[in-house]
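Below: one structure in structure tokens.
Just so it is clear, A, B, C, D, E and F label the chains in written order, and each chain counts residues from 1 on its own.
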Amino acid sequence: MSHRFTLFTGQWADLPLEDVCRIAAESGFDGLELACWGDHFEVDKALADPTYLGSRRALLEKYGLKCWAISNHLVGQAVCDAIIDERHQAILPPEIWGDGDPEGVRQRAAARMKDTARAAASFGVDTVVGFTGSSIWHLVAMFPPAPESMIERGYEDFAERWNPILDTFDTEGVRFAHEVHPSEIAYDYWTTDRALQAVDHRPAFGLNFDPSHFIWQDIDPAGFLYDFRDRIYHVDCKDARTRLDGRGSRLGSHLAWGDPRRGWDFVSVGHGHVRWEDIFRMLRFIGYSGPVSVEWEDAGMDRLQGAPEALAHLRTYDFSPPSASFDAAFARAD
Amino acid sequence: MSHRFTLFTGQWADLPLEDVCRIAAESGFDGLELACWGDHFEVDKALADPTYLGSRRALLEKYGLKCWAISNHLVGQAVCDAIIDERHQAILPPEIWGDGDPEGVRQRAAARMKDTARAAASFGVDTVVGFTGSSIWHLVAMFPPAPESMIERGYEDFAERWNPILDTFDTEGVRFAHEVHPSEIAYDYWTTDRALQAVDHRPAFGLNFDPSHFIWQDIDPAGFLYDFRDRIYHVDCKDARTRLDGRGSRLGSHLAWGDPRRGWDFVSVGHGHVRWEDIFRMLRFIGYSGPVSVEWEDAGMDRLQGAPEALAHLRTYDFSPPSASFDAAFARAD
Amino acid sequence: MSHRFTLFTGQWADLPLEDVCRIAAESGFDGLELACWGDHFEVDKALADPTYLGSRRALLEKYGLKCWAISNHLVGQAVCDAIIDERHQAILPPEIWGDGDPEGVRQRAAARMKDTARAAASFGVDTVVGFTGSSIWHLVAMFPPAPESMIERGYEDFAERWNPILDTFDTEGVRFAHEVHPSEIAYDYWTTDRALQAVDHRPAFGLNFDPSHFIWQDIDPAGFLYDFRDRIYHVDCKDARTRLDGRGSRLGSHLAWGDPRRGWDFVSVGHGHVRWEDIFRMLRFIGYSGPVSVEWEDAGMDRLQGAPEALAHLRTYDFSPPSASFDAAFARAD
Amino acid sequence: MSHRFTLFTGQWADLPLEDVCRIAAESGFDGLELACWGDHFEVDKALADPTYLGSRRALLEKYGLKCWAISNHLVGQAVCDAIIDERHQAILPPEIWGDGDPEGVRQRAAARMKDTARAAASFGVDTVVGFTGSSIWHLVAMFPPAPESMIERGYEDFAERWNPILDTFDTEGVRFAHEVHPSEIAYDYWTTDRALQAVDHRPAFGLNFDPSHFIWQDIDPAGFLYDFRDRIYHVDCKDARTRLDGRGSRLGSHLAWGDPRRGWDFVSVGHGHVRWEDIFRMLRFIGYSGPVSVEWEDAGMDRLQGAPEALAHLRTYDFSPPSASFDAAFARAD
Amino acid sequence: MSHRFTLFTGQWADLPLEDVCRIAAESGFDGLELACWGDHFEVDKALADPTYLGSRRALLEKYGLKCWAISNHLVGQAVCDAIIDERHQAILPPEIWGDGDPEGVRQRAAARMKDTARAAASFGVDTVVGFTGSSIWHLVAMFPPAPESMIERGYEDFAERWNPILDTFDTEGVRFAHEVHPSEIAYDYWTTDRALQAVDHRPAFGLNFDPSHFIWQDIDPAGFLYDFRDRIYHVDCKDARTRLDGRGSRLGSHLAWGDPRRGWDFVSVGHGHVRWEDIFRMLRFIGYSGPVSVEWEDAGMDRLQGAPEALAHLRTYDFSPPSASFDAAFARAD
Amino acid sequence: MSHRFTLFTGQWADLPLEDVCRIAAESGFDGLELACWGDHFEVDKALADPTYLGSRRALLEKYGLKCWAISNHLVGQAVCDAIIDERHQAILPPEIWGDGDPEGVRQRAAARMKDTARAAASFGVDTVVGFTGSSIWHLVAMFPPAPESMIERGYEDFAERWNPILDTFDTEGVRFAHEVHPSEIAYDYWTTDRALQAVDHRPAFGLNFDPSHFIWQDIDPAGFLYDFRDRIYHVDCKDARTRLDGRGSRLGSHLAWGDPRRGWDFVSVGHGHVRWEDIFRMLRFIGYSGPVSVEWEDAGMDRLQGAPEALAHLRTYDFSPPSASFDAAFARAD
């Protein structure tokens, strides 16, 4: 019983942070993975207002909660995306969206990611979780034919845009944990491998492991943990469930979350096909010591039920390892 | 033994049509599904030059070949695509690409599709095979969140752009057979269902069935044939093979065709996981009487080997149905 | 938390209803699906004795229980069965069995089903659950060869015998919910489809969904719910478990329930292979608002353990849906 | 290369035997498994007309064919069946059907099976293949509840009706090979086990192994061969193919052969899911030395194609065993 | 609720028996399966010291525990092993190891097993659980070629060494329950079959069923129970979990327990792939009435957590059977 | 069509080499993988008799055959084995066996392996295929507990015994290709990984890839090829077939080859579960250019049938790669 469990606040950003603190504390969480949206962790205020970070910390302490990582998925997404449109407008701060000109948005998003590193450092947090975006995601189906040069340019674009950001991370002593996720530059095993190459495996760039994205792609989550064990900087726990009946597709059919015709869907932890037992045994084996964060996304279950239930479920895998091998007791102690 | 087998010439367009005719004839094909690129079936010439179609027909007849369908996937793709870029430039005729301004490209492509219907009619062919493109394909991963209104707008865009084209098809007495394929407005079972709704199930719009795209999406090809049996206007035969080893992904990892790290790949007919037996039995059951076309796509096998081998393989499924039920012989004939 | 859970009393009919009420109330059920055998819901008394229904209702109220459906599987079975024998004698009221002449039994059973509708209406219940029987079930193996005309005659026989019954249902404002089940006219997906056609999809005839019968037939229960969503009038929850070791058969080998050599068996909810999570998510999606009834059938577990355990298990799937999409919190509220 | 391959003539009985002989000879069969219907092997003539059997033998010899087994499935079926109806009338000789009174039909069928043994013996054939019928098949779904006493009575009925027949078989030195098949007293592994017990494992009663019936019941054919290895008296080769898409059922949905909505269907050898490799290796291992017979049943393929194709397919498994172990050559011969 | 649950003390032998008693009692166990190592059940003292057994019994009674079986796996292993080395030295009592000369060790181990039977009898226990060892285990990969004569000699060696031991068991009225386990003479289904033949199925030799060894060998535990139902003398409950990702092997790769690269591993009950539901239903069916013992072996979980959790998990399968068939209530009681 | 196919002569060593040459030439092989037993390739003569190698080469040339690799599995096995017994005596040359003292045998075997490298070099062959043996194979079941130190010692023993041999290989310019195989130091993925570490990845030590050993261990052969692509020095083609019916075991039950109760068995190429398509596509991708050798091992098929059939089967995978990507023809050539 040794993992530290946090609640990711991204799906609760419609509530004031204090409400989320109260819910998390009552549910038994050890801390929060604070989202940089809503009023949870405002990067601009953190840098501008000398009292802001202290007030956030005080709020957490009032509820006995800690923070080991902050998350800025939404701004990170805009750094590399090829198409910048109303979807981004809906999720970006107005000052990042600005006039919506794509390249301007990308550059303002990059600048904000540097600020996020600065704010994290000031807050005493060494990990920023998030997305990178991708300039080549829309090529995924490979038709019209996408030449290797376009793919290569996508990884280069990623490196060119993120290396300066990661320089700031290095300066601040903070690491970026990219969530491997479709829509991003690294969305599966081999794109992760290539993205790490693109930034020369610099330690500032690591991974946020969320197995829900692996299930429907048919990738083995535990094997991923083993092979990228030196880059697992953060863990988000979300589940996914497939329902492949010959009509539903792996690609989701442009259907809304929760529509059972989809070939797969996000569900609350324990309601899907993630083999958590393998994952927690592997986390222990590779010596992962960071926070384990619950990310509620389930179109069929209220978050007030989902979050504490997920926490309770995950704690059942957080068992203490034995002090000696089970066959040690067979030997006589001469 | 009753299906008519054709060779799709799209992957042979680097060769003069006469060379392709010779190869197809020697391989035993009954006819060709002519591609509207290379010199195989040039839509502009067909409408401008009164001798062109006669010369094409004569060439086919010289080699004892028929034509029951022509294909214009490449131009069709540009009708709806959100992003128009160098990939389209590489595959479109220069006069369609023009200055490359996306909306101009889309409109010129739409006009060319109308011309394709006209040329087909003049050629005595009642089926045009192709792609629709899609303005919403890049939303497939649903992040950043894509509201239902954006999805709906995508289907509306499809209907708005294609209904005028289909009006010309109706005028000409020709049908469009859309190939259900990722990157397109209809890429799986439920998107096909919705695309058909978007054009009010007008008979001018039907489907080109190619099971290779269903394998890696985990959709049942034979069930698809049954449920959309009144809209199966053409059949293309291509195979696909999955190699899901926990690292390869359903999404292909931006890796080139033929790279065995991909979770799936196109392969020549008979080398993949398509259950052709089920498909041919179903085609017979639903009364499909159109051509069955071989489309060679295999990064590991030369097309001169692949095409005749595929034909031979498919003919083994083209068995004659019995004249009476097998248990009819149990009954005494009083 | 919104489904209403009932206990089906059919397997408890050896006990007086009051005993069953007490057990159900103590176990936390919301109501009962009353069986029309034992002393639970006696159709003849309901129609003959003006005080009977009031006394039943009072008994339920004494224990805080409701009733939304009554069940008369046993009499319904005799309406269409080809072979009427000692099995029917064992389960029919003596006045229905009479002299045991098959056609007489069928007609008296049909008359009793009309009375069941009348009694239900008087009791304020709008759903009668049950079986139809079948005159063609014994043809299931198709040897000796069963010509299509015999099959067609079976569906006609069903329509001829049940339409008059359903007329009474319509008159009384009550619906019949047929349990899709081997031995019946509709026992799987396509026989359900055809049985609905046979009665012209009249609204009086709908379905009692019990997934235990689907498991060993390899039918997808959730897909069935979606496709027949407008005819799901009642839900019975029973589980089934396969043990296919190369010797056990899908057909059960004429072995008794509980014999582990059988290829499958009924088991208490949660002990089998029904994917309840998919079913409850689908019930929510299709808007099913009727009762969810626990039917205990497990040759290896006492009903006093099985019924409350099943209820507890099913309640874990009865989660509240969220008030907003999980990605709604990503958007800024301008 | 040592198995003897025969063609079962039951599905060819609409043709005169000489036509079938010609087809079989041209297809390369070694002999025929003669059906006792059509004009192929007429039991009554065989016993009444002293020249009949000689003429049959001469016909076979004219085409270089042998006969090691005759089949009388159709008459055997009527010996035990509970329901005797138009299906039986269609397949029985008129003199066996008579007035159609069920018990009379059963007794005449039993008498004819004794005659079949006598005719076989006269013809120099030691194996009669066939069906037993069953008085309890219609109880297969176990509802209405079928008490163990009814099941037991079914096996007793089988023993009572077949023991006298088998006495004649013993007298004649002929064995009966029952085809394990739904509709019969022994239709799977455990019912075979119990049927053998019911006749005290008397050697006159053995099995005709046809794996097509095992596929959709999920029984392991090769394991069955091993466990009942001393009772495998004949082998019929027919294939079966499942198509379980969530809608099709293991029970066939009362749909006609060849309807792809069925969960399974009979298909020509090599087109289904029987693992013939395992079966032929097992046949060799258990020392089976009888004929291997091709039984064509495929609603999608003409028998003139199916029969020779099946023979060619099966011969690929009839490989010669090695003369020594493959690792024998590792040893030095001192 | 009728099985008696014990804790196997073999993995707790580093603790004094009294500590183990306290833990077991607090955890809710009914008794102990005492290991003959540590100070738990010392065979030499049991025979030499007239007060020893009384003191052990008193200790158990002090904590309300019973003992129905003792275990001497470690000494039994040395009776037949081909290679006797430091592994044995580590687990054998010094007086059995002696000078370590293999044949001497084997004979002293055999003598000690006889003494174990004597001590068990004196202690009022009729079952000794253990291993046999094997002189042919190292031939398992069959290369260099192992002739059948060597295999046969291995079974003979087993019979020669164990028959005299079993004679003593018979004399003492005690049975030996061999744990079917790789490294032993009987490690799977067919080696169990042959080992039983080797000792002529003498009743003194039966089996300790532990399904964890069956999982990774792909053997069906419940079918094993049925087929060897008259030889199931004891049940040990341990779980196993496979993780077959294309790199891990069924053979474990010489990797330590707990290393997730292994293709399989032992885990605490409920954390692996054993289908306990099938096992407990089968145990009930075959009338097993002996103790059900929890054997903790999990390299990832502390035994103080594992043992009580396993007990709680197993008790959920120990449900009471019903007093009557579930369809009994359908019948009217005339 | 570019692979060179050879026949491994190890299973034909009872025949004079000239007979094998004739058979191989008639069967269409390109060359032989000569076994160092029988009279095929005698290492001692090769070094002692100056005419020997010329005569062997002449014999090959007479039949138009080449040799690119020789094999000495049998002697290699004795280099590290813990137990040296009659199995080794049966397969070793008398002068290597000598008095049979294990350590003497090991050292003479090591010396002979050096001579094998010398003879190969003289013969103009740069690859010697074989086995290493293993001093720790018998620990595979991990009971009695095998401490990590024993495992480590096993790999050290391998390095100590083989490094001097590999020094000679280096001197001679020859590589050793170890066949990954149970009984050996490297028998699966992770043991191969560790064995390569044990000899510091020296280039003299590589692998002979034979997928038949991977099938029953559940290891992915194609993934193995990719991960160890720089160490694939030779390829042997043998197939394996599993028959896991709940009774047969992955471990083979000490049953003879060809006994269908075994959970798996070797079979001729194309008769088992190796996915050759994936393997040949991978071999092409990793640029493997060495010989592809057919190794016949099938207890159910004569080698005179098996070898040519295997060759024919494998050639179907040896297709030519295309000269350009299949989507290249979509692009217009401006």
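Some observations on this one:
Following the convention adopted for this analysis, contacts are C-beta pairs under 8 Å (C-beta built on N, C-alpha and C of every residue); 3 or more make two chains touch, one makes a residue touch a chain.
Source: prediction; values computed, not measured.
Number of steps on the shortest path from chain A to chain E, with steps defined by chain touch: 1.
A count of C-beta contacts for the chain pairs A-B and B-C puts A-B on top. Comparing the centres of all chains, each the average of its CA atoms, the largest separation from chain B belongs to E. Between chain B and chain F the centroid-to-centroid distance comes to 46 Å (mean Cα coordinates, whole Å).
Rounded to whole angstrom units, the spacing between the C-alpha centres of chain E and chain F is 39.
Separation between the centroids of chain D and chain E, computed from CA atoms only, is 46 Å. Of all residues in chain C, those touching 2 or more other chains are 74, 90-91, 143-145, 220, 223, 245-247, 256-257, 261, 325, 327, 330-331, listed in ascending order. If you check the complex, the residues on chain F that touch chain D are 10-14, 37-38, 74, 90-94, 241, 243, 245, 247, 256-261, 266-267, 271, 296-303, 305-306. Only residues 74, 77, 82-83, 86-88, 90-91, 136-148, 150-151, 154, 181-183, 187-191, 194, 216-220, 223, 244, 246-257, 261, 263 of chain B touch chain A when the two sit together in their complex.
Put simply, chain D touches chain A in their complex at residues 245-246. Those residues of chain E that touch chain C in the complex are listed here as 220, 222-223, 226, 277-278, 281-282, 284-285, 319-334. Of all residues in chain A, those touching chain F in their complex are 143-145, 325, 327, 330-331.
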